[in-house]
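Chain IDs A, B, C and D follow the sequence of writing; residue 1 opens each chain.
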Amino acid sequence: MELLTNGTGLTAVVFLPLISALVLTAIPKSQELLIKGFALLSSIVTFIISALLLPQFDFSNADKLQLGNKISWIKSINANYEIGIDGISLPLLILSTFITVLAIIYSIEHLPEPKSPKGFLALILVLETGMNGTFVALDLILFFVFFEIVLLPMYFMIGIWGDKTVRTVAGFKNQIETRLYASIKFFVFTLFGSAFMLLGFLGLYYRGNRTFSIPELIELGTNGAFTGTFAMLVFAVLFLGFAVKVPMWPLHTWLPDAHTAAPTVGSVLLAAILLKLGSYGFIRIAIPILPEQAKAWAPAIAILSAIGIIYGSLACLAQTDLKRLIAFSSVGHMGFVMLGIASLTPIGINAAIIGMVAHGVITGLLFFLSGSMAHTYHTRDMGRLGGNMKLLPKTGALLGFTAMASLGLPGLAGFWGEFMALLGAFNPLDGLNVTVFRGSMVAGAIGTVLTAGYLLWMLQRVNLGEPSDEWNEMELHDADGYELAAWIPLVILTILIGVFPKLIFGATNDAVVSLLSKAFGG
Amino acid sequence: MIVQPVLVVAAALFSIGIYGILVRRNAVMVLLSIELILNSVNINFIMFDTMLADTMMQGQIFTIFIITIAAAEVGIGLAIVLMLFRNRQTANINEFDLMKW
Amino acid sequence: MEIFEVVVYFILLALLSTSIRVVTTSNVIHAAISLVFTLALTAILFLMLSAEFVALVLILVYIGAVIVLFLFGIMITRAPLGKNAELDNDKNKKLGALISGSIFFLFSYILINGFDGEVVVLSGSSTELLGEILLSRFVFPFELVSFVLLAALIGGITLARKDEALVDKDQI
Amino acid sequence: MVKTSINLFAEGEIVYTDGGILAEFAWVLVVLPFIAALIITFIGKSLPMKGAEIALATIGIIFVYSVALMFLHITQGIANEFFINVGSIGQFDIEFGWVVDGLSIMMYFVVGLVALLVFIYATNYMEGEIRYTFFFTSLTLFAGSMLVLVSSPTLIQILIGWELVGVCSYLLIGHYWEIKDNSSAAMKAFITNKVADVGLMIGIIILALNTGTLRISEILYQATHDYPAIKDVAFIAGVLLFIGAMGKSAQFPLHVWLPDAMAGPTPVSALMHAATMVTAGVYLLARMFPFYQGIASEALDIVMLFGVITLLTAGLIAVVQDDLKKVLAYSTVSQLGYMVAAIGSGAYTAALFHLWTHAFFKALLFLGAGSVIHAVHSNSMLEMGGLRKVMPKTFTTFIIGTVALAGLPPFAGFFSKDEILASFNHEGETTFFFIAVLGAFITAFYMTRAVSLTFLGEYRGHGHPHESHTMMTTPLVILAVFAAGSGWVNIPGVYTGFTDWVTTRKTPIIEYHPESFDLYALGLGLAAGLIGIALGYYLYQLQGSAETGDNKIKIEPIWTVLENKYYLDDFYFKFIIDPIKLKLAKAVDVFNTNVIDRFVNGFGQLASFLGAIIYNNIDQNGIDKVLNMSSSGTDNFGGKVKLLQTGRTQQYLMLFLGGVVTISLLILFII
């Protein structure tokens, strides 16, 4: 048990997948079964370790950073290997390890073309290291490293296993393969943001007594060490870095392309975890270190979020591509998350975290389903789909359920994030412009109607009606055991969080309240 | 008996051997020059043995060993030269430039 | 100066001249013969330094066996008997002389400085003692050397055998 | 499981108990349907009745439990609530729970009874239909969701039940989703409700933030005890909550989904219109009634206004409908208008009383209509007629329902409608009172029209209709008994038990209780009903003919307006839905691909253009040249140095020794 509490456990959660990925590369290509089994085993072990951390985690002190340690790393710039989790990162960490297990289960039988389990599974594991690392890192440099590690596997996943159809791109003369365009767009966009983010980190380092430690910087920041133009600039660059990842309107255009082009598992992980890195960055770094600036920027963030909600929902209504529709729905849902964060109230930020988890679970499942359907039907065009309930009853039923969850049905996970975000936005932190926030809140509320609209419309076009004749000759396979094994846990999680949100709030509430009281007093 | 002249002559033998190795074109002649070098070493050993009056007589024993090894070396060396000659029909070592760029 | 030392000096001088002849003569056979003289003079020197066993070994092994080998080698490689202008590599001569001269200078400088005025006191015959030591304390290296000889024997035979496998046909 | 911590004292009027163990285990009512739905989903198909038996057993247990609660309630009065904390967020406790008091017990009973009868009816009605098992899953969930709603002690649970009901209605309305119209109707129901839910959601948010709690009882306590924070927002919150209620209880102008919802199978319509879903709005208003009465009385005026508008407009549309189910649907809308208007006028008991009686006779009418439709395989009344001979049981029960709806004594509708009219009269709302009387006349008229076209005259349809199975007629008979007698529980001056039932709750209800019949209202209402029946019978039975139906009495242009439902649907589609879906969404998509994406791509192109310039001019001809030169220099140098590699051993040795000598000389003489 000592091993779990002194940081070794967390380190294992972060690096075990990476080591497994390295081992995986050493297994010969012909041993497919061994490769898959090993990848699955290592992801399960990682998940079990992260689950074992739960009983060690002191929930009565959820606002304190726990189970971590601090080891000197790069002495010359005072960068440390400093890790730890609190109530905010705990649910996200567990979500990350859990979704990875499901992704690998799904991949066992459903590898995208070109089939090469070794490379694909290794990339998933590397990705997991990046994701887990970002959630536990308490040092800006460490955070940055993990934040960037995530890019590469995803880039390769999209670029190698992505959609090979050729398409025209607005403003380009030549046609280009979707996967190439999407992967480059994803990579460059994100790198663009994080390059600025690094500048911000360096700025904090030089102003903040030459430390990269997040807790120390929070201590400094809440005592007013960063002010004036400097703080404004730093927040601006941090905002740019995180907002691209979230993604916030109008920096979102990489998302639909990346999602559409990515292989199923890629888009699941992208939606479920990767998008959370940005909003997590806001909660963990930008707001507590620069509270005054967060307050100054909050109305702008709220307005952008509101635009994102409405815009994403409207864009969904215009889509004919199933995966693209779900991708745009992410823009809308992450808008709710950011609206919650912008309110800077305990309610709003709690809402943001549960919204992140719920979006991870629900949209992850939606991408699983749409990916599987795209694979079965060889098309994502909703005009050609239809009667899915008849052709693939299990998949169809799950799609219906998940769409309901996604439109924020109370009693399912998605509801809390939306409702509480609106609740938070109605009464933002004292001193913020109430009119702006209430306007954003009303926009968000209208967004929920539009969300219901496009999801039900999607269901009508895809799931209901008589199937078209073109599927008569095709042999269509409904969800098999592996798929169900990957999906059912998400369904159960959706219901559990929906009925008993304490699963998340129990961990996050204290941490959020203490974070905000530290940052804004009272 | 003075030591210095003997040692200097041994050094001279060594240098002459080097000269032979560097200048001779015939492989057998090169091997002969190597014998000269070995001989100079033998002289040194014996000289030092006598000078130090070593009770274990290590100088002499080493000289015996060197002679033995030299014999072996000559055997192998000539065999190699023979092989080369068979392959190239010459013993001129300037012809053996396989290591050239 | 005793007569003994005079003899030694004389021998040393002879050594020098015969050894120089080994590397300068343009006749292969002469070179070999000169080497015989060099070795013989060395053996005499050893005798005078009361290392009679080594001197005998030298004569037996070198003059009796090695030189014969050399002569066979010369014969088999069809080296032109008699004067041969081609024997030396003329391009290397100057440089070789310079280098060997430098080495000689270097060595002699060190030796003259290091052994200034050192004198040897000669003792009597030592062969009996040598035999004892060789077969007691140094018996193991002794045996090892015999193995080396054996290996060289086998190696020499293997290399020199006219084996088709070892002949590079492309080169012929 | 946390019992309520603050005791909201009832201020002395009604004595009640905590309900003991029966109340403590009332959560069974809520949880059971969901478990049953799970069981039906997974093993339903393999059972002999394909899952219907589990649904029946579940709803049977619920009914029995509700009867037990009802009995206990009548004998000793129960008011209690229970909370379970499911999470804390900021200063809010998010709690679920269940409330056991007069209002909710009444609803449990109504839901239990109507659902039980509808389920029994449906086992036969739906026999051989597609997705039989799934139908019962949804139906069970529907009942369960309604129970979640009516048992909720917190606003958040109300919201949950609210939306769950919406989803279940979506599933059930769209039961025959192979046909696009049906799935569109389901979507319409869901989205219309969702629009209204936005109001409810914001209303809840406002209330929660201004009271610091989500518990209904605490909010009501604050509303009745002069808390300033809630007072400031009372009006807006009241209106917003009412907007939510407008969606579920189909008030004008958000009633459009309800007639379309007839696309679902008839048992669904019966359940939805009688006991679940549409009563949710009325229930919410009743639950929050002390709040409205205490500090949001201006909002009540709006409630009443919309209620009255609804009761009139919907009633008028019902007159022109040819589809039997649609007549009943608009009738429901109209009756809901009565209930809402009653709440608006402050007549809490009257509204709930009408909800109570309406549940029975409307369920009866729908099931009767279902029986007819089952027999003639058509919804259109123009293809019916003369069915009283072949379907005597259905006819008799349908007539009882009609009379109850038209408000003739001694049937249930008479008492409840009279109480509403009396309340209007008492409040002095003369205009609204007369509109309500007019509504009563219209109700009687269109019901008589429906009966005439369906049962009287000659048969105009195809095939040979016959009486339905006993499984279908038995519920009709039972409901007929309730339609006839359920009004007798609240006869002014005789027995007013119902008033006591529904006013037994933690927050007191202050309202006008009629001590005796208001003869003025009673007389006018009765007269309106009788005239309506007489006119209807005259026009459609004596004047009309079997072949032409009602084509004779069309009054243009009112008829066209009514047949087009006041062009409300067209308005919504033309001005709201189509612009959003076709224009705005397209515009956004075009904006996305052609503006933002083009910008991003342009950025990329600019970068690659700059890159090309830099590459060609600086990189290739600048840096690269230097690099290339350095590499070619290396190449040249190497070319020269390699000449050293002659392969001649002697040369190598010479170089080596030369080096050794040089270094040695250096060491010896210089360093």
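The working rule: a contact is a pair of C-beta atoms (placed from the backbone, for glycine too) under 8 Å apart; a residue touches a chain by one contact, two chains touch by 3 or more.
Since this is a predicted model, take the numbers as computed values, not measurements.
Q: With contacts defined as at the top, give the pair, B-C or C-D, that has more of them.
A: Between the chain pairs B-C and C-D, B-C carries more contacts.
Q: Where the CA atoms of chain A average out and where those of chain C average out, how many Å apart are those spots?
A: Centres of chain A and chain C (C-alpha means) sit 84 Å apart.
Q: Averaged over CA atoms, how far is the centre of chain A from the centre of chain B? Could you give it in whole Å?
A: 78
Q: Take the average of all CA coordinates in chain B, do the same for chain C, and state the distance between these two points in whole angstrom.
A: 6
Q: Using CA atom averages as chain centres, what separation in Å is found between chain C and chain D?
A: It comes to 115 Å between the two C-alpha centres.
Q: Identify all positions of chain D at which a residue touches two or more other chains, and write them in rising order.
A: Chain D, residues with two or more chain partners: 650, 654, 657.
Q: Out of chain C, which residues touch more than one other chain, so two or more?
A: Within chain C, the residues that touch at least two other chains are 89, 92, 95-96, 99, 103.
Q: Which positions in chain B are in touch with at least two other chains?
A: 18, 22-23, 94
Q: Which two-chain combinations touch?
A: Those chain pairs which touch are A-D, B-C, B-D, C-D.
Q: Where on chain C is chain D touching in the complex?
A: 89, 92, 95-96, 99, 102-103, 106, 109-110
Q: Report the residues of chain C in contact with chain B in the complex, numbered from low to high.
A: 4-5, 8-9, 12, 15-16, 19-20, 22-23, 28, 31-32, 35, 38-39, 42, 45-46, 49-51, 53-54, 57-58, 61-62, 65-66, 69-70, 72-74, 76-79, 86-89, 92-93, 95-97, 99-101, 103-104, 107-108, 111-112, 115-123, 126, 129-130, 133-134, 137-138, 141, 145, 148-149, 151-153, 155-160, 162, 166-168, 171-172
Q: What part of chain B is in contact with chain D in the complex they form?
A: 18, 21-23, 93-94, 96-101
Q: Flag every residue of chain A that touches chain D in the complex, lowest number first.
A: 169-172, 185, 188-189, 250, 253-254, 256, 311, 314-319, 345-347, 350-351, 387, 389-390, 404, 409-411, 415, 419-420, 422-423, 426-427, 441-442, 445-446, 448-450, 452-453, 456-457, 460, 463-466, 499-506, 509, 512-513
Q: Touching residues of chain B toward chain C in the complex: what are they?
A: For chain B paired with chain C, touching residues are 1-9, 11-20, 22-29, 31-33, 35-36, 39, 42-43, 46-47, 49-51, 53, 56-57, 60-61, 63-65, 67-76, 78-83, 85-89, 91-92, 94.
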